[in-house]
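The same chain A turns up in both complexes below, where it pairs with chain B and then with chain C.
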Partner chain A sequence: MGTSLDVRNHEMVPDHQIMDEEEVADLLATYHITLEQLPKIYHDDPAAKAIGGEVGNVIRIIRDSRTAGRAEAYRLVVKRPKK
Partner chain B sequence: MNSDMEQRIDALDLPYRTQEDLKASLTDRDVTEEQFEQILAMVFSEYQKSRIEPCEAVGVVAAQSIGEPGTQMTMRTFHYAGVAEINVTLGLPRLIEIMDARREPSTPTMAVYLLDDWAFNRDRARKVSWQIEAAPLHEFGDITIDMENMQVLVMLNKAVCDRRKISIDEILETAPRKIREKRHFRDFDVEGDPKSVSLTFTPKNQESYQNLFQLAEHVRHVIVQGIDDIERVVVRKEGGEYILYTEGSNLKDVFEVEGVDISRTRSNNISEIADVLGIEAGRNAIIQEALSTLNEQGISVDVRHIMLVADMMCMDGEVKQIGRHGIAGEKESVLSRAAFEVTVNHLLDAAIANEVDELNGVTENVIVGQPIQLGTGDVKLIAKPMNLKI
Partner chain C sequence: MTSPKRVGRIEFGLFSPKEIRKMSVRKIIWADTYDDDGFPYPQGLMDLNLGVIDPGLRCKTCDQKAADCPGHFGHIELAKPVIHVGYTRLIRKLLRVTCRSCSRLLMTSEEVEKIIGPEDSELAGEFVSEKDIKKERVCPHCGEQQLKINFEKPTTFSEVFVEEGRKVEHKLTPADIRARLERIPDDDLRALGVNPDVARPEWTILTVLPVPPVTMRPSIILENGQRSEDDLTHKLVDIIRINQRFKENQDAGAPQLIIEDLWELLQYHVTTYLDNEVAGCPPARHRSGRPLKTLSQRLKGKEGRFRGSLSGKRVNFSARTVISPDPNLSIGEVGIPLAIANEMTLPIRVTQFNLEEMRQYVLNGPERPTTRSPCGANYAIRPDNRRMRLSDANLETVAEMIEPGWTVERQLKDNDIVLFNRQPSLHRMSIMAHRVVVMDGKTFRLNPAVCPPYNADFDGDEMNLHIPQTEEARAEAEILVSVSSNILSPRTGGPIIGGIHDHISGIFLLTHRIQHFTREGVLYLTQHLDLEHLPEPDRMDENGNPLWTNKQVFSLVLPDNLNMVFRASSCQNCETCKQEMCENDAFIRIVNGELVSGTIDKKGIGAFDGQILHRIIRQHGMKRAARFIDDVTKLSIRGIMLEGFSFGIDDEDLTKTEYGQIDEVLKGAISDVERRIKIYNEGQLEPMPGRTLEETLEMQIMQVLGKARDRTGEIAGRHLGMDNSAVVMAVSGARGSMLNLTQMAGCLGQQSVRGERIMRGYEDRTLPHFRRNDRGAEAHGFIANSYKSGLSPTEFFFHAIGGREGLVDTAVRTSQSGYLQRRMINALQDLKVAYDGTVRTTGGRIIQFRYGEDGTDPARSSYGAPVDVKGIVESVLKEEVK
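Our next item is the complex of A and B:
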């Protein structure tokens, strides 16, 4: 109580990790894509905030997949557009 | 099986579960090197075969696979099934709600799990439920309207307050504050008396009886204990532990309550989950909710279809609906958007904005009558005629 909630402890939130530049370059090369083609995550997303992701970072998400058991997904941190 | 073999399994480009299953079935078995090679080759080729072909129209397949069983779902809008006396929308209306990404579901509910110290003790679980359930002032005492003196009198019942673990002072403080903040009614003065456990509300306008009754209405229904959005809490015992089911949902405030297990507590409000726990949790919530809605109706749809839909909805960092205000409405191609709902508006807007259709997608190419880039249509094959005498 009182302390701010850490969303990473919730069972519905998969593991988020910030990728370093080298890993990002590898990722983009493997799939032959540009950075903008990755799915997005907002900079003020609670899970992104919890690991200190900043705009331009790529976050690796390790999901508990129902089919593969474990699956990696990637999201690019972007600024939340103003409504 | 030895560790070398395990490493070779790990090195293969197989899904995690397949690797684990393979390892599990090979432990305690004697396999020769030759057999192992064979097994690996077989498993790998089976996996390759099970993968989706390039240029396969997965979106259309997903749409059909969810749509067809959807026709068999119950269509009645007011179909409820009680889970612990709490009504939850089910069937087609619920599925539509999920796909439309509504801000608020028609029946928001939560399953609040408790920490070990609270989960196995009925009284302590009950105490947590009082912290959550919204309780209006009239549950804590008698409220009378004194027409002669133009006042609303509240006589608190000390026994009830003690039983529900709320101090008199707290009520004296929160009631007027909440009427001002939450109910936006400010034209009154208040006098609290801790000794006689009473509250006296006096409206500023001493002339109007209507005003007095309005004030009394606010006083009666002001929430003094619990979380405003949560109308009802049911304590139920499941598998040895007590779980609180709520009518109404407010994750953020429930997480603040002492005794609540933050890691397991769930809501059925998807956009709330996405706001509080992040987009990835939102994606999980969509999959979970859609799947349980379908399964509850005895319909089994492969998760992959639902996962694809959930991925599309959560692509841009927030939960978007499938319809014209979301995914379908943000397509690049004018013709594709026009082929979905509100055709004329899209064409008119596109004409005014001087939009150009690059004809990259499927729908627009079908419209103009060109081969589409799907399946064999995507393969650019040029045959060089050899030994051809013209």
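Our next item is the complex of A and C:
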């Protein structure tokens, strides 16, 4: 396995960013939620791995949206459960 | 608000024999139920300790009456252990992965660690599976040679060993198996994914059988006074009987052969008691030959406890009958038979403000003789919740007694809100709230314009009606579920309620070109409309009487300030649009609520793409739109009745010239096909890129024949003009297409299976009527006849082949989409859009941060877009905008 592929370069993969603690606190406050109520992403998700997301991080995903033009989603990195 | 509780974990385990005995209140030993006096036998299957079902008796365990006693379990001691059918796969796995002598896992601890990982590691959680064990190996712990374990459905296990070069099977008895399972160490079980604290594997071999309480297997008393026992009781009787015989034989020291037979019989009865649909096991039957419904059958499938009784239930306050149309009802109304209105009730609380009204309802009593009579009441409920049935005998006394605090259950009357539903309820418009109109007759009546959302027709369809019983439910029904708030479909963002069939033909005939009506004519057309005065007449006739145009008449139903421009479905899509000068009158311009030009048809008021309807909803709201639909449907029905509208077999007649032309076209096409076949046979055919010769020929033939059919359609269409009802329906979009007309009058064309000509049938030919390897048009399903001229026998057969494909497709599609729908509903059912625009589960977990990413309600959108920019600009400019 020589070359490694960075999935982020693919046109279908939206922009992933790791949010810092302050941003996360803001996010949780705006939606009145706890960390657990966020959507999840696995720690071994290719895009999450590529940006170095670790369990407990929150990732901001900025997508092109057919309806809204630009849509933001947030996902909490969790460990992939076995089976 | 208290936050919802969360389920931490669910533990599934097995009952141990100890637990079964502990929860049992009585050991059952007699196979009989009731004695001759109808009294339960002690220690029989209906023992009074197991609960009571007969009124009057008291439970010996809890001392409660039949209604209150929940029932209690008993138990049967089995003479010998038997296998529980539900666990045969687990038993098979455990037998195959453990040693036959020391019962330990056939792996060294190092091998185990490799699979499940080191203890407490991050990745722990894998389990050892059957595949991880090599076949017929030697036990690493005691060195015993392992044998192959054979499993034969439903419950037979045997060991296979080789003796003198032959394979010999040795049957394992449940007792042998149980002994082996008992010896498996707890730690080995954990490696296999079994928690030995709650599920020791030997508990899958039954030594004691729980007897369910009588309350879950009540006996019923037939009309002739005979008792009829529940299927479960029958099965338990069998088990006890065999068990008893088994014990007797065992004690008497019967030969091994008999013991084995009885053991197998006991196994059979216990197996069918648990599941009567096991593969490889004949189902136990009732005396009548009907298979018994035993434990598993009670739970499984659509009518089972989960899907049938817990996820779905039957409800009160509902009615069902056949539906029929009534165009004079508003779209928001539903006609209800008097008989149903008399039976169904609404609870109304008595207050000092409605006391007199309620008293009158009670005085009117439960029988309402005609639809005009005032509505009565069927029950009165006292403040202590005692329900009193009203009858002629007690009307006056009850009316006297009524005072605030009582509740009167009054009958349905006009204007009550009810929910109306037709199955399958595939989208939210399948249940809508209507207002009641009590009517004579025995059917529910509805305006045909609301057929599309329900997907209803009147060929015998039945619909259900539900009556909301509380103020909250009625308010919710009126605000969220009413017909007028469901005109726009969330699927497309366009209207789904609107004119259908005759509404469209009618409005088309009425608004087509320019027609003039006298005062009588206009008043006839508009008699149902709420008009104060007629507009200025268009002109006077020679006698000085005023005349109005048809467009003026239609304009009466439009809102005053409506402006829009669009093309009708009769538009031919010419290269340069002549707009108002269109010879088909298909360019519609509405200025300040006046129809200036154009014919109104499906594109204007149709149920799925009514543009005028859509514009009115967005500009004037749902209430106005509902009124528009009512007005326009009534107007169009008057319009169609001016001339009458019918279609008969002679509407498909053409003249000799057309028949000659059609014949010529078809003959030409058939000889063209023959010519191409000849070229092919001579090897002169040039294949198209990427296709074989045969494919090329087939495509050419299909093309030639397709064109020929279209040409016959054109010929027929030339003769059949706007005076033909079928043409009017096709052009206006009301029903049918020009293709249907072609097939009726011209030629049916090529029949196909999977998009190809019909090729299947006999060797080298489709039917014995043709020569082998005939590639001609007729031999492969080309039908030169029309429905009018009639089909020849071979044509008829080909037509049936083509028709069958369509039927099979629909059958497959409905079953597949039904299952998909079920899974979608299960996945999405408790998601909701929260007030902050997020989509959340009941636990508050976020699914979408903004509904649909843009937060637009599709039912309030314009075909998906939040703002209908084009429509707004056009209505301001009063001009078409590209």
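Quick note on the criterion: the second predicted complex is superposed on the first by the 81 of 83 C-alpha atoms of A that agree within 3 Å, B and C clash if a C-alpha of one lies under 4 Å from a C-alpha of the other, contacts with A are read in each partner's own complex, and residues count from 1 in each chain.
FYI, contacts are C-beta pairs under 8 Å (C-beta built on N, C-alpha and C of every residue); 3 or more make two chains touch, one makes a residue touch a chain.
Just so you know, these numbers come straight off a predicted model, no measurement behind them.
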{"item": "First, second, both or neither for A:Ala47, with chain B first and chain C second", "value": "first"}
{"item": "Chain B versus chain C, judged by how many residues of chain A each one touches", "value": "B"}
{"item": "Contacts of A:Pro39 with chain B and chain C, given as first, second, both or neither", "value": "both"}
{"item": "First, second, both or neither for A:Ala68, with chain B first and chain C second", "value": "both"}
{"item": "Contacts of A:Tyr31 with chain B and chain C, given as first, second, both or neither", "value": "second"}
{"item": "First, second, both or neither for A:Glu11, with chain B first and chain C second", "value": "first"}
{"item": "Shared chain A surface residues [contacts with chain B and with chain C]", "value": "39, 63, 65-68, 71"}
{"item": "In the complex with chain B, residue positions of chain A that touch it", "value": "1, 5, 7, 9-14, 16, 39-42, 45-48, 61, 63, 65-71, 75, 78, 80"}
{"item": "Touching residues on chain A, where the partner in the complex is chain C", "value": "31-33, 36-39, 63, 65-68, 71-74, 79, 81-83"}
{"item": "Interface residues, chain C side, partner chain A - complex", "value": "122-123, 125-126, 836, 838, 840, 843-850, 852-856, 864"}
{"item": "Parts of chain B lying in touch with chain A, wherever the complex brings them together", "value": "15-18, 20, 255-258, 262-264, 266, 273, 275-281, 284-285, 287-288, 303-304, 307, 311, 314-318"}
